[in-house]
Amino acid sequence: SMRQQIALANAQQMLGKITVNCFRKCIDRPGTSLARAEERCLVQCMDRFMDSLKVVSITYSRRLMRETK
Amino acid sequence: SMRQQIALANAQQMLGKITVNCFRKCIDRPGTSLARAEERCLVQCMDRFMDSLKVVSITYSRRLMRETK
Amino acid sequence: SMRQQIALANAQQMLGKITVNCFRKCIDRPGTSLARAEERCLVQCMDRFMDSLKVVSITYSRRLMRETK
Amino acid sequence: MSDFENLTGNDKELQEFLMIEKQKAQVNAQIHEFNEICWEKCIGKPSTKLDHATETCLSNCVDRFIDTSLLITQRFAQMLQKQSSGGM
Amino acid sequence: MSDFENLTGNDKELQEFLMIEKQKAQVNAQIHEFNEICWEKCIGKPSTKLDHATETCLSNCVDRFIDTSLLITQRFAQMLQKQSSGGM
Amino acid sequence: MSDFENLTGNDKELQEFLMIEKQKAQVNAQIHEFNEICWEKCIGKPSTKLDHATETCLSNCVDRFIDTSLLITQRFAQMLQKQSSGGM
């Protein structure tokens, strides 16, 4: 359905942003495979990115409500 | 009118760029409200950004004229 | 032809990226004309950028083949 | 005739659906823009938990960014006004 | 009739052409994105030759970036699965 | 007939208007791109006035950026030429 297509596009956009931002933060000199420490960093980075999106969304909607009151 | 819509869109684009660039330059650690010094910095930054746009536009149009002569 | 238009658009996109990236790398304080050393740097930078694009393309297509096998 | 009304009804529904989706997309793009900027300001090396200081920084960052946007828009409106009244 | 078939034939050809061009454009955009990221990671001041270490860095960078993308997509799929099974 | 001519006239006007607006939009986008790059090169902490050195830096920056763009486009054209003549 159209709704699903939109949700999928949103998820892909978010995953793309996570990939770019976390690759930049976690991979200093790219080696012949992902090191353990790099994988751990990527997983943490992904979790923090999604936490951050949540905080940002909540703050923004709170503000939108205050401004339109 | 269409002309006004275009002018509005241009102004919004410029204001968006000023906001992002000046926020980056002036707000180091965001606090519970804009500090006086931060506001001053933002206002100056906005003025310099618009000065800069003017210098860039003039230089560019001068160059365009020289190149097409 | 359409094919030529696409090729032209691709070349223009690439040249735009080279210009931005190499200007950033090679021109520290812009002077009244391009200095010899700056020109040399720009030419080298352009060559390295195209080398880099080649390595990236080859690695990516190798990977695409491996993943779709 | 009733078919035509039906079509018009569906068209309205579709238009409404598209308008709401467009608004949602704008809010979504806005959230991603805020997150890009505030992630850069507030997050160093990612750690095992989002600590309280970072959460406060993110939340303040969004609010101060909106303040900044309002400040700049207001000042621009004032400049336009001064210009047009000065031109009289 | 034969004219119509012809038109349909041309339409199919055109559609195929456009689809292939769209795919090529996506691959092209992807290559430019990789190059942007890996250029930043691997290239300092440009030198007279692409030395072996830089070439290895670029090649590893593309592969590790794709690994990162796969890792993150997989983890997201797992999170969705856990969520939907936890909601049962 | 005269109505038709009128319509065509309006269409031409509209097309011309759109073409000019498109060109203006391109120049505008160009100016914003230059400003983005030269702001980064020339402006540190914003001060109370655009001093002379900064103004010179901005103006030189635009001109040197255009020089760079021309240099790179020329070199690319030469490379294409050498390739096609070498392939004969």
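Letters A, B, C, D, E and F name the chains as they come in the text, with residue numbers starting at 1 for each one.
By definition in this document, contacts are C-beta pairs under 8 Å (C-beta built on N, C-alpha and C of every residue); 3 or more make two chains touch, one makes a residue touch a chain.
Since this is a predicted model, take the numbers as computed values, not measurements.
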Count the smallest number of chain-to-chain hops linking subunit B with subunit E, moving only between touching chains.
3
Greatest separation from subunit F - chain, by CA centre:
A
Please tell me the distance, in whole Å, between the geometric centres of subunit C and subunit D computed from their C-alpha atoms.
34
Centre-of-Cα separation between subunit E and subunit A, whole angstrom
19
Gap in Å, rounded to a whole number, between the CA centres of subunit D and subunit A
18
Just give me the whole-number Å value for how far the CA centre of subunit A lies from that of subunit B.
29
Give me the residue numbers in subunit E that touch at least two other chains, ranges are fine.
38, 42, 63
Considering subunit C alone, which of its residues make contact with at least two other chains?
22, 26
Read round the cycle from subunit C toward subunit F, the chains appear as C, F, B, D, A, E
Touching residues (chain side subunit C, partner subunit F) in the complex:
11, 15-16, 18-20, 22-24, 26-27, 29-34, 38-39, 42-43, 46
Contact residues on subunit E for subunit C in the complex?
21, 25, 27-28, 30-32, 34-36, 38-39, 42-43, 45-48, 50, 55, 58-59, 62-63, 66
Considering the complex alone, what residue numbers of subunit F touch subunit C?
37-38, 41-42, 57, 60-61, 63-65, 67-69, 71-73, 75-76
Spell out the part of subunit B that touches subunit F in their complex, as residue ranges.
6, 10, 13-14, 17, 21-22, 25-26, 41, 44-45, 47-49, 51-53, 55-60, 63
